[in-house]
Each structure stands twice: as C-alpha cells, then as structure tokens.
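Both complexes shown next keep subunit A, but they swap its partner, so subunit B is in the first and subunit C is in the second.
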Partner chain A sequence: MEEINIGDYSLLGKSIPRIDAYEKVTGEAKYAADIELPGMLWCKILRSPLPHAKILNIDISRAKRLTGVKAVCTAKDFKGFRWGWMPITRDEPPLAEDKVRFYGEGVAAVAAIDEETAEEALELIKVDYEELPGVFDPEEALKEGAPVVHDYRPNNISWEFHMDFGDVEKGFKEADLVREDRFATGRVITGFLEPPAAIALWNSSGITIWAAKQSPYFVYRHLAQCFNLPLNKIRVIQPFVGGGFGGTKNDSVAGDFCSVLFSKMTGRPVKFVYKMEEVFLTCRRRHNAIIYNKMGMKKDGTITAMQSRLIADGGAYTAIGPLTMYLTGCISTLPYKLPNFKHDAYRVFTNNPVGAAMRGHGVTHTRFAAEIQMDMMAEELGLDPMEIRLKNAIEAPYETINKVTIFSCGLKDGLLKLKEHPLWKERKKENKDKETISGVGISGVAYLGGARQRGYQSCAAVLRLCEDGTVEYLTGATDAGQGSDTVLTQIVAEELGLSIDHVDIQRVDTAYTPCDAGSYGSRVTALAGEAAMKAAKDLKRQLAEYAAKEWNVSSEDIVFKNNKVYPKHMPDKAIPFRKLAQIACYSGVGAVIIGRGYSQYGIEPYDFEKGIGNAGTAYSFTSQLTRVEVDKETGFTKCTDMIIAHDCGKPLNPGLVESQNQGASVQGLGQAIYEEFVMDRGRTLNANLADYKMPTAVDAPNIEVIHILTDDPKVPYGAKEASEGAIVSSPPSVISAIHDATGIWFKELPVTPEKIALALREKKKE
Partner chain B sequence: MEKKEIRFKINGEDTVISIKPNKTLLEMIREDLKLTGTKEACDHGECGACTVLINGVPVNSCLVLAMEAHGKEILTIEGLKQDDRLDPIQEAFIQNTGMQCGFCTPGMIMSTKALLNRNPKPNDDEIKEAIAGNLCRCTGYTKIFESIKDASSKIGGK
Partner chain C sequence: MVIFYRRLPKFEYIKPESQNMLFEILSDNKNCSVYAGGTDLIPKLKKRLIKPPDVLIDLKGLNELDYIKIEGGTLKIGALSTIYSVATSKIVIEKFNILSQAAKSIAAFQIQNRGTIVGNICNAVPSADSAPALLVLNAKLNIKKKDGSRKVNIDEFFIGPNKTVLDKDEIVTEVEISEVPSSFKGIYYKLSTRGKMDLATVGVAVLLGSDNGRFSDIRIGLGAVAPTPIRAKRAEELLKGEKINKELINNAARIASDESSPIDDHRASATYRKIMVETLVKRAICRLTEVG
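Let's look at the complex of A and B:
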C-alpha cells in the first residue's frame, strides 16, 4: 500500500482502499435508477422544440385520456414557484410558464404506469407556440435591440462583477511590453455517466426522495420551498452517486419537482431517469466565455498589471452564475504576484442551455487566458516559460492585493521538480520525424479549497458509540465518487485509534444526518473533515473520562491506539477499546455516548461585491507538464504524458489524491482538444456520447502525480484541495505544448485537429 | 406485443423467461431479472456501462435484443463472485483504487474479464484497446490500467 509520511498517524497518509470499493466492484452499490418501489409510476418530461417562444396554449386532454396515464402537469401546477441561487435571481420555474427560453426546456410532464406509456402520452400533448427571435451569442445579446430573454434584465446582463485593485493604468505604463488578446473557452459539459434520476414518494410523513445529488441539501430546500412544507417533512436519501463535477447534480432538475408533484397527485411513488440525450440538451453546462485579457510585463518578466473583461454565455437562467462570475476574478491574483488588477465580468442571458458550475468553477476561464498570455509575452521577450513562472510565483505567507491570504504554497517547489524532470530537460532533444511533431508545455495554477458560498455553511458530524466499541458516523457530506466517505472515515478512525472497519459511515439521509452545504468547491475534506475530527475528539474526551476513573489518572493522559486504550507511559495496562465502550455504556444506568463536532473554519466574511477576502479556506497549487504529438498533415493531437506536481498540503489518502488529479487532468484534456457542443440557433447538434467526444482509454496519457507536501494551518491535518487544481492546469499546459510543437498560439478552446491543420497550412504559406 | 419464451443461463443459473421481443438485453437484465449491477448510461452503445458477456464475448447489452440470449450463457457483474470469493479482477480494482463513482466499474470489469480470458498477459496497448469502448469520466483511466495489470499478474500472467 502506498504511504506518505505526513505525521505520526496509523491511517492518514496511507492509500487505504476505498470503503465502498466492494459494493462497487460487485454491482451491489445501488444508484438512484436502481431503486424500485411497488406501484411506482414513471415520469417523463415534454421538452420545447423551439429555443425562444411564447406558450399560447397547452392541451393535455388527450394525454390524460391515454390508458395507463395517471397524471399530467404543467407550470400552472407549481403556482409560480421559481428557484435560483440568490433570492434576487430566482428566475427558473420547474416547467416553462409563459414562454420557453431554451431548446429542450420542460413544458409539461406525464406520470404513467411505465416508461413506454409515459413517452406515448408526451406525443399527445399539444402545445401552441409563437416563436420569438432568439439570441445565441453573448456578445450579440449585449447589443442594443437584441431579443430580451428575461424582462427583469432588459439588457440581458444576468449578473456582473467588478474588481479594481491597485492602478492598472500605472502598471501598464511601467511595463516594457503590453499585450491584449481575445481568448475563448468552450461549451463543455460535466460528463458524468449516471444521468439524473430520482424516485419520489409523497405521503402523510411528507416527501421522501432518493435522488442522484452531489449536494442533497440543495434539493432539500428547493422542495420545501416549492411545496411549502417544513424542512422536517423533507427527506432526501442519498443512493450511490455516479459522478457529479458540479452544476446539474448540485442543483435540482425539472424531474425532481415533477416526480414529487406527481406522487402528491397520485399517492404513488414516482420515478424518473433522464436519457443521455436530455442530459446533453438540457442539463447545466460550463459557461463558455470570451476573455479580453491585457497584461503588462517588464523586460525581466515581472508582471506589472492585468486587466480582464469576461463575457460569459449564461444561457436561459441564472442558476449559480453569480458565484461563477465571482470565481472568474477573485483568485486571478494567484498564483503570481500581481500588483495591479482590474476585472469586469458579465454573465449574459441567451437562448442557450443554462451555464453553471463545473469542476474548476470560474477559474478555468481566466487562468487559461492569463497563462497563455504570459507564455506569449515570455516568448516575445525571449524568456523561458519555466523561468517566468518561477520569477512571478508567490511564496507563503502571502496576501494578494484583494486580501486572499496564503499560508502554504508549493508552487515553486512543484515548478522546480518539473524543471528537473526528464520530460522538461530533454524536450528539445527529441528527434522530430516528418509526420509528427512533439512539444512540451507547462502551466502553474492555484485553486481554492474548502470553498464557501455566501451565507449558511453549516457542516457537522455526529458519532454514535455502539456498546461493542464500533462507531456509527453520520455526516451530511456526499461522496459523489471523489472518495470523501473513505477519507472522512479514515479521520474518525485515526482520532479514535480504531481500525477503519470499526467505523461505519452512513450516506446522507436528511432525516438523520446533520445538515451540510454539499460537495462542491473542494470543501469536503477541509470542512466535513474538520467536523469529523472534532466529533471524534469529543467522543474520545467522554470515553477518556471513564478510562481515567478506571486507572485513577487524568483523562488527558489516556491514549487511544490500535483498537486499544491505555494510560500514557503504561501501554502494558492496555484494554481493548471495546472493553472501555462497555464500561462506559454499562456503568450506572448506562451512558449514551455521542460525539459531536462542526466546522468553524473560514468564518470571517468576504466581500462578494468587490472580490475581497477568502472564498476558500486554503489554496492548492498545481504545476503541470504536458507532452503532445501533433500530426503535421491532419492536426491530430495525441497527448502522451502529463506530469502533475500538486500541492494539496498533506495527502490523507495519496491514492485518492492521485486519482483526483488524473481524472481532472484528463477532463481538462477533453476541454483543451476534444470536447465542444456544436450549436445551431440554440439547439445542440451533438447531443450524444458518440458525437460529443470525451477522452477514452486510448486518448489518456501516461500521468505521473508528484505530491508536493506543505503545511497549512487552516485545514485539518494540513489537507488542502485535491480535485480541481488539475482541471485548471491541464488546458493551458496542453495548449502551451501544442505551441511548443507547432509554433502557433491557439487562443480558443477546444483546439481541434481542423484548427491545427488549418493554422499549419497558413503558417506554411507565410 | 406478444411475449416470447426464451431460455438461457445467466451467472450459472438456468433461466426461462417470457419477454417482449423488442426488449433489449439490458432492459431484461435490469428490469425483469433485477440485476441492477449492469448500468445504463447512454443506451446507444457509446459508453460501455452496460457491458456483459455472452458466451464470453463482451457486448453492449443496450444494443442487443433480449431474444439473442436464447440458448446462450450470460455473465454479468453479479456472476463474477464465486461462493463469496471475489474474482481476482474485482480484488485488483479494490486494491488499486480502480474506480471513483463506480458507475463505469461493472462494465469496465466485464470488459477486463473478457480480455483476460482470451489474453491473460495483455500489453498496454491491448489493455487500452479492450476498454476503449468503456468511458470513465472520473479516473482519467490511470488507476484502471493499473488494476487490470495487477489482475493480469495475479491471474498467472507475468
């Protein structure tokens, strides 16, 4: 088993196998779509065939009469309920009300005895539309006279966010070189394999829903609001989740609201499972963005100022967009020293599917632009791309101009490791044959972990001691695949000196588990981990008092280790943990021992209007080398190697940290060279896995992860984020590698073979 | 549509079932036989989540009609374990963290099973080729490759 010494621990720092691995390799693990209840109905949603249209009339009478159909609903049945991330941006109804705003938006839904009947019924619903002119490009949508998507935002600006620190004009004056470029990031989707699904039941105890969510407490609140029920009548039960990556599974989908409503209407359980086509046509995707970036640099490579203007395609509704805009700017001041910075971000409504969060949220866009522009300028100034990064890299402790505080930073350390790596040292020596040319690129980025959205962040752990010395662990945190259940259990077991199989973690059930913000912003290990640690210490403290009495020593001197308990310096007196549990549970009338803890990290406020302060608890630093081979004729690019030097502080489970980096960098590779929705007037033309190309096993490069160890006081055991840095570092390092191979800078993602072949042909002509 | 009776062996058990001729093998496995370990993601033969073996050959069960199972032997993820003993491939996926969310895992393991049955010592390219039709969005594949190599060495490869 892989092991990294991160301190005097028995479980932390070890690649303990995932605690859910057995269920996953045997097929035992139940996901939402695997659950059935007797008498269950199927819910299907009718979707708009137009991107922007008034709904004149919906005739459901024929559908209702079809044998096997039990209920039909439209927007009217939701009585004006709308949801959204902020009270002032609640603009999204479960089903379209007076008009549809994107192709594929839900307009009506059916509940029937089986899937086939439900599908048949959809065809019997007649909707009269009056088509409206649509707007599909965010820059077009900003123009005077563009079609208006929402009346409450007549200029189509869904949200804007501005930062202004130092004096950029002064900074540009001080520079020897100033560059302005236009960059663009692509239209991509999270790409989880498990489509959204849920099974809902409404009865006298309220709503119970088994739903595929990475943040179940979002849908918990949405359902309470929608159906006007108190939270203690909402029970969200978490099955296994087949991937999340932000966006859709951090939010509610039309199917959630419709299936609950249908269960209320019919008294029967109602299930829905989206088809992959529905996922691609209608689910949240990453905002695609245009970034106008301006950077000033001295001859020696010192960055003097940066100014970015970002225009993001928000699609038809706001969703979590305001946070996206915040994130495009708030850590642009990392990981390089930046004395002057101005940022203007506009999220623009269009008649496209909704743009929302995705792994690497917000940061991917602006960091891509800044990294590539920095490389371009280094080239113009005759500087080495490695040296320019080393020159500008921050070092801890550090405070950025917008008061982001860094207590640990492994960027330089990582870059220096990469500098010595054979892939970098020998990159120029390669024999380039006639057909393919190779190149190596580099990037260095930062990402926030333990992220906080605005307001409520509570996150807790409850541990119940069983009389045989085993422990039940309740957490509101969700493992959507990242492995948090394993890491959190490692933490509890470590603190209690137990082996890992003595601690049993429960998946979320809002009836029993404590409230939690969710799995996003790389927050679980930092925040739920802190809660777990505190709950374990609390449980230990209570048990230690019984032990202290037994041995007549101070409770502080009780050691918990290897499933045993003993007074410090007297290991020969050790008794099994089980025995102590029995002493506690059976003495007197019998104690009931419950350990409790909640997260208190990062409680200082940050300024969401101006972009000041820490939106994260701690920050990870990732530097990456990528090697590609480009076919000169076809432009076909094969990524052969990625070396990722990742500072997650202390890897509590190195294998899981590596897996996060590997997964994120390949997802980033998809964004860099493969993935893109092909759109025609709001309609997604490649709404399937064959035409929307995600990386396969054949496309995956060899990936080496180098753990850069740092010590951060802000997070439990010094463990920082490990899942999002590499999706930020991957695209710029891939594009910089393609430049190294071809001599061409590409500024718009994805860089497809066609783009490369065309550019190479142009270059030849010159 | 009139149901037709078919007979086949699934995970070693003889089975007789009446089924609508337009049902896919995947639907029969999940809905009629309640073997939900086999996953449905794309339903169009594009992701491999639904991979099962028919007479040892891996197929996307969403593309095959249930009727095709008649007279054949089907193996699904539930059939790999023998009297509580995991298949060495399952062991290797556990020990090498060959999964994250696990949604691709049953299909990935079934493709691996077929590969190692016909070629116990595959090289890197053969491994990649064998699971080229199995998408995984979580792992970036590295630890899946490592799991397969480890399984291969345990099964009696090098």
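Let's look at the complex of A and C:
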C-alpha cells in the first residue's frame, strides 16, 4: 500500500482502499434509479420545443384521460413557488409559468403506472406557445433593445460584481508591456455517469425522498419551502451517488418537485430518472465566460496589474451563478503577487440552458485567461514561462491585496520539481515523424479548499459507541464518488486508534444525520473532516475517563492505538478497546456514549459585496506540465503526458489524492480540446454522448502526480484540497503545450482539431 | 415536443428460424424492420427517428448467415458476421487488410461484438466506416427476396443518407469480395476527435496496386463527405497507369477533394472536411507508395 509519511499516524497518509469498493464492484451498491417501491408511479416531464415563448394555454385533459395516467401537473400546481440561491434571485419555478426561457424547459409533467404510459401521455398534452424573439449570446443580451429574459432584470444582467484593489491605472503605467486579449472558456457540462433520479413518497410522516444528490441538504430546504412543511417533515435519504462535479446535483431539478407533488396527489411513491440527453439539454452547465483581460508586466516579468472584464452566459435562470461570479474574481489574486487588481464580472441572462457551478468553480475561467496571457507576455519579453512563474509566485505566509490569507504554499516547490523533470528539461527534442509536432506547456494555479457560501456552513459529526467497541459514524457529508467516506472514516479510526473496519459510516439520511452544507468547493475533508476529528476526540475523552479510573491515572495519559488502550508508559497493561467500550457502556446505570464534533474553521465573515476576505479555509497550489503531439495537417491532438505537482497540504489518502488529480486533469483536458456544446439559437445540437466529445480512457495521457507536502494550520491534519486544483491547471497547460508545438496562441476553448488545422494553414500562408 | 430516448414503441417481434419463413414475412406487405445487431436500429426506434415497424424481424435465428469464408479466392461475409469477427478474421487481415482496418476503427469492443458489417452498410449513413473500404475492394452485395435474388455492386447500393436500393421485401445476405492481388496494399484513415468511440468526420480508404513505379491500379473511397460514401473516380483516373510521383499525387488529392461535397454540421465544417480529404488522400497514397 502506498504510504507517505505525514506524521505519527497509523492510518493517515496511507492509500487505504475505498471502503465502498466491494459494494460498488459487486453491484450491491444501490443508486436512486435502482430503488423500486410497491405501487410506484413514473414521472416524466414535457419539455419546451422553443427557447423563448409565452405559454398561452396548456390543455392536459386528453393526457389525464389516458388509461394508466394517475396525475398531470403544470406550474399552477406549485402556487408560485420559485427557488434560487439567494432570496432576491429566486427566479426559477419547477415548471415554466407564463413563459419558457430555454429550449427543453419543463412545462408540464405526468405520473403514470409505467414509463411507456407516462411518455405516451406527454404526447397528449397540448401547449399553445407564442414564440418570442430570443437572445443567445451574452454580449448581444447586454445591448440596448435586446429581448428581456426576466422582467426583474430589464438589462439582462443577472448579477454583477465589481472588485477594485490598489490602482490598476498606476500599475499599467509602471509596466513595460501591457496586453489586452479576449478569451472564452467554452460550453461544457460535468459529465457524471448517473443522471438525476429520485423516488419520492408523501405520507403522514411528510416527504421521504431517495435522491441522487451530492449535497442533499439543498433539496431538503427546497422541498420544505415548496411544500410549506417544517424541516423535520423532510427526509432525504442518500443512496450511492454516481458522480456530481457541482451544479446539477448540488441543486434541485424539476423532477424532484414534480415527483413529490405527484406522490402528494396520488398517495403513491413516484420515481423519475432523467435520460442522458435530458441532462445535456436541460441540466446545469458551466458558464461560458468571455474574458477581456488586461495585464501589465515589467521587462523582468514582474506583474504590475491585472484588470478583467468577464461576461458570463448565465442562461435562463440565476441558480448559484452569483457565487460563480464571486469566485471568478476573488481568487484571481492567487497564486502570483498582484499589487493592483480590478475585476468586473457580469452574469448575463440568455435563452440558453442555465450556467452554474462546476468543479474548478469560477476560478477556472479567469485563471485560464491570466495564465495564457502571462505566457504570451513572457514570450513577447523573451522570458521563460517557468521563470516568470517562479518570479511571481507567492510564498507563505502571504496576504493578497483582497485579504486572502495564505498560511502554506507549495507552488514554488512544485514549480522547481517540474523544472527538473525530464519532460521539461528535454522538451526541445526532435519530433517523432514529419507529420507530428510536440510541445510542452506549463501552468501554476491555486484553488480554495473548505469553500464557503454565505449562509450556514458548519459540518458536524456524531459517533455512537457500540458496546463491542465498534463505532457508528453519522455525518451530513456526501461521498459523490470522490472517496470522502473513506477519508472521513480513516480520520475517525485514526483518532480512536481503531482499525478502519471498526468504524461504519452512514450515508446521509436527514432524519438522523446532522445538517451539512454539502459536497462542493472541496470542503468535505477540510470541514467534515474537522468535525469527524473533533467527534472522535470527544468520544475518546469520555472513554479515557473510564480508563483513567480503572488504572488510577490521569485521563490525559490514556493512549488509544492498534485497537488497544493503555496508560502512557505502561503498554504492557493494554486492554482491548472492546473491553474499555464494555466497561464504559455497562458502567453504573448503563451509559450511552456519543461523541460529537463540528467544524469551526473558516467561519470569520468575509465581504461578499466587495470580494474581500477568505471564501476558502485553506488553499491548494497546483503546477502542471503537459505534453501534446499535434498533427500538423489534421490538427488532431494527442495529449501524451501530464505531470502534476500538487500541494494538497497533507495527503491523508495519497491514492485518493492522485485519482482526484487524474480525474480533474482529464476533465480539464476535455474542456481544453474536446468538449463543447454546439448551439443553434438556444438549441443544443449535440446533446448526446456520441457528439459531445468527452475524452475516453484511450485519450487520457500518462499522468504523474507529485505530492508537494506543506503544513497548513487552518485545516485538520493539514489537508487542504485535492479535487479542483488540477481542473484549473489543466486547460492552460494544455493550451500552452499546443502553443509550444504550433507557435499559435489559442484563446477560445475548446481547441479542436479543426481550429488547429485551419490556424496552421493560415499561419503557413503568412 | 422534445423527445429523448424513450422506451421502445410497440411492435410485433418475430425471429424466423428459416430463410423461407423470413422471406414469407417480408413479402407479406407489412411494414417490417430487419434487425441484426440493432446498434443503429434500436437507438433510432427509441429516439422515434423512424416510424415504428409493425413487425421487427430478428435475423439472429438464422445461424447460417454467420460466416466469413473464402471460396475460390472470393471472400464471403454473411449478414450476421459481427464487426469484431471481421476485424479480427485471419483471412481478412491477410488478404483484405483494409477492411480489417476499417472494422477495427468502428466504435469500441462492445459495439463491434454486437453490430454487423452488413448492418453498417444497410444503415447507409455517409460516415459508415466499412463503406470506403468495401468501395475500394469493389465489394458486391448478394440480395435476396422470396422468389429471387440479385447482386449489386456496392457503388450502386447507396442512393442517399439512410437510403439504399433495397426493396422492402429484400435483405442483404452476403458481402462478396473478389480476390485482391497479393501485391496490393491499402490504408483506411479515419479522422475523428477522439481516439476511439467516435464517428468519422472524414474517412479515406486507398487501395493501391503498383508495377514498375507506376500506378497499375488505384482506388480511393471517401466517407462522411457526401450524401453517400463515394469513390473519387476522377482522382483515380488521373493516377491510373501513370508514373508514381509527388506532384501527381498532390493533384489527385486536390481532385479527390473537389469530388467530395461535404456539409457543415455540428461535427465539422465543410471547409475543414474538404481540406482533410486532400490531406488524407495525399497522405495515404504517399505512405503506400513510399513517396516522401
């Protein structure tokens, strides 16, 4: 088993196999779509064939009469309920009310005894639309006279942020070179394997829903609001989850509300499972951001100022978009010293599907622009892209101009490792044949761990000691596939000196588990991990008191290790942990021993209006080398190698940290050169897995992850972040590699073979 | 209404155990669909892209149609031969290598083991990977119906996207390919964004026979750049009999590109596709002739 020495631990730093591996590999693991209940109905949603239209009338009478149909609903049945991230941005109804705002928006839904009948019934619903002119490009939407998507935002600006630190004009004056470029980051989606699905049941206990969610406490609150029930009547039960990556599974979908409503109407359990095309057409995507970036640099490579104007395609509703906008700016001051910074972000409504969070949230847009522009300027000034990064890289401790505080930073360390790597040192070697040219690119980025939104942010853990010395662990955190259940269990077992199989983690059930913000923003290990650690310490403290009594020593001197307990300096007196558990549980009246803990890190306020302060608890630093081979004529690009120097702080489970980096960097590769929704006036032309080109295993490069160890006091055991850094570092390093190969700077993602081939032909003509 | 993948529509399902029974049903004048691997047909039905048939006729009961054999130098591939079995057949690899290359380039193992070569042809999309290879191999299709049979050259088989010369009561029972001189060499280039599991943006097949530094025979097949897979006949004419040289190859590649008539779609622009025809035809001929 791979092991990295990160301190005096029995389990931490070891690549413990995933605790859910057996269930997943054997198929024992049940996902939402696997669950069936007696008498269950199927819910299907009728979706708009127009991107922007008034709904004049919906006639559901024929659908209702179809044999096997048990209920039909439209927006009216939700009585004006709308949801959204902030009270003032609650603009999204479960089904379209007076008008549809994007192609594929839900307009009505059916519950029937089986899928076929539900699908057939949809065909019988007659909707009269009056088509409205649509707007599909955020820059067009900002123009005077553009069609208005929401009346409450007559200028189509869904949200805006203005951050201004130092004096950018002064900074540009001090610079020897100032560049302005326009970048675009592309229309992509998360690509989880498991589509949204749930089965809902309404009865006298309230709502029970088994839902595929990566952050179940969002839908928990949404359902309470929608159906006007107290939270203790909302029970969200978390099955296994097949991937999340932000956005859709951190939110509710139309199917959630409709299936609950149908269960209320019919008294029967109601299930829905989205089709993959439905996901591609209607679920949350990453915003496509257009970034006008301006940077000032001195001859020696020192960055003097940066100014970004970002225009993001928000699509038809606000969702979590304001936070995206915030993150595009507040982290721009990392990971390079930046004395002057101005950021204007506009999230713009269009008649496209909704833009929201996705792995690398917000940061990936502006960091891509900044990294590429930095390289362009280095080239103009005759500077080495490695040296320019080393020169500007921050070192801990550090406070950015917008008061982001850094207590550990492994960026320079990582860059120096990459500088010595053969891939970098030998990059000028000959090309392998006359058709293929190769190139190596570099990037260096930061990402926040333990991210916070504006509201309730704490994580909690409860440990129940069983009389045989085993432990039940309740957490509100969800493992959407990233492996957090394993790491959290490792933490609890480590603290209690138990082997991993003595601790059993329970998946979220809001009736029993403590409330949690969710699995986003790389916050689970940092914050749920802190809660787990504290709960274990709390349990240990209680047990130590019983032990201390037995041996007549101070409770501080009790050691828990290797499933045993003993007084310090007297290991020969050791008794099994099980024995101590019995003593404790059977003492006196019979004690109930429960350990409790909650996270306290990162709760100081930050200024959400101005972009000041820490939106994260600690920050990871990732630098990456990428090698590509480009076919000079066809433009076909094969990424052959990625070397990722990743400072996650302390890797509590190195194998999981590596697999997160692998997954994130290949997802980033997809964004860089493969994936893109092709749109035609709000319609997605390639809403399927054949034509939306996610890279497959054969397209993935060799990936080497170099662990850069740092020690951050702000997070438990120094573990900062390990799933989002590499999706930020990947696109710029790929694009910089393509530039190294072709001599061309591409500023709009994805850089497809066609774009490369045509650009190379243009270049040849010149 | 926006339609996603749905449950299959209702139809009658029949799996004939003899060809007599099969042709009997086909001649019945009902609306029938022939079902081999189903990798094209089933998604189309689920997506409601085609009118649901009254009867779905599963060919998989006719085991006698699952073969790859050589008879007097002629290769015969039965209608139930899977893509994988063609890709990996020793005879095909040795004597008709270009077909193996084309079959290998289709999708990935799961689809290759389910889908058939004949299905690939009968589905008749411009990007069908086996088509350019079969075109340059001058394949013939044996077509049968209740009381008759005919043989159609593959270059006369396709008449438009998803359209072939097949009548409603006919099926293709076999692909037949005459012996290719052992000195002939062939290349199939498939251009796609991904390395695997992708459809061709452009497919180029070139089969070359050379003799004393001359093109004794040259055949160029193109996929995904016209309403049907096509032969670049004018380019072939330019080369045939001529001395092998770079300039001529360049010209032929340009002509092949002129012969193509691709469209702009979400997979690529027509401009790019045209350029790629030229690029890949040139590349294939250069590689086969070892001209620098």
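Quick notes on this one:
The definition used in the following text is that the second predicted complex is superposed on the first by the 764 of 766 C-alpha atoms of A that agree within 3 Å, B and C clash if a C-alpha of one lies under 4 Å from a C-alpha of the other, contacts with A are read in each partner's own complex, and residues count from 1 in each chain.
We adopt the following convention: a residue touches a chain if its C-beta (ideal position, glycine included) is under 8 Å from a C-beta of that chain, and two chains touch if they have at least 3 such contacts.
Keep in mind that what you see is a predicted model, and the values were worked out from it rather than measured.
Residue contacts after overlaying the shared chain place A:E160 against neither subunit B nor subunit C. When both complexes are overlaid on chain A, the residue A:P753 reaches subunit C alone and has no touch with subunit B. Applying the stated contact rule after C-alpha superposition, one finds that A:K275 touches each of subunit B and subunit C. Looking at the shared chain after the overlay, A:D344 reaches neither subunit B nor subunit C. When the two structures are aligned on the shared chain, A:V698 is found in touch with subunit B and with subunit C. Within the superposed three-chain model, A:D557 lies out of touch with both subunit B and subunit C [touch as defined at top]. Looking at the shared chain after the overlay, A:G243 reaches subunit B, while subunit C stays out of its contact range.
Among subunit B and subunit C, the chain that touches a larger number of residues in subunit A is B.
Residue contacts after overlaying the shared chain place A:A690 against subunit B and subunit C alike.
In the superposition on chain A, the residues of subunit A contacting both subunit B and subunit C are 275-276, 690, 696, 698. Interface residues of subunit B, counted against subunit A in their complex, comprise 30, 35-44, 46-47, 49, 76-78, 80-81, 86, 90, 93-106, 109, 127-129, 131-145.
Remark: subunit C residues 1-2, 4-7, 108, 191, 193-199, 265-269, 271-272, 275-276, 279-280, 283 touch subunit A in the complex. On the side of subunit A, the complex with subunit C involves touching residues 46-49, 103-104, 115-116, 119, 122-123, 275-278, 281, 435, 633-634, 636, 638, 674, 678, 685-686, 690-691, 693, 695-696, 698-699, 752-754, 757-758, 761. Listing the residues of subunit A that touch subunit B in their complex gives 15, 17-18, 20-31, 33-34, 190-195, 240-245, 273, 275-276, 480-483, 655-656, 658-659, 661-667, 688-690, 694, 696-698, 700, 702-703.
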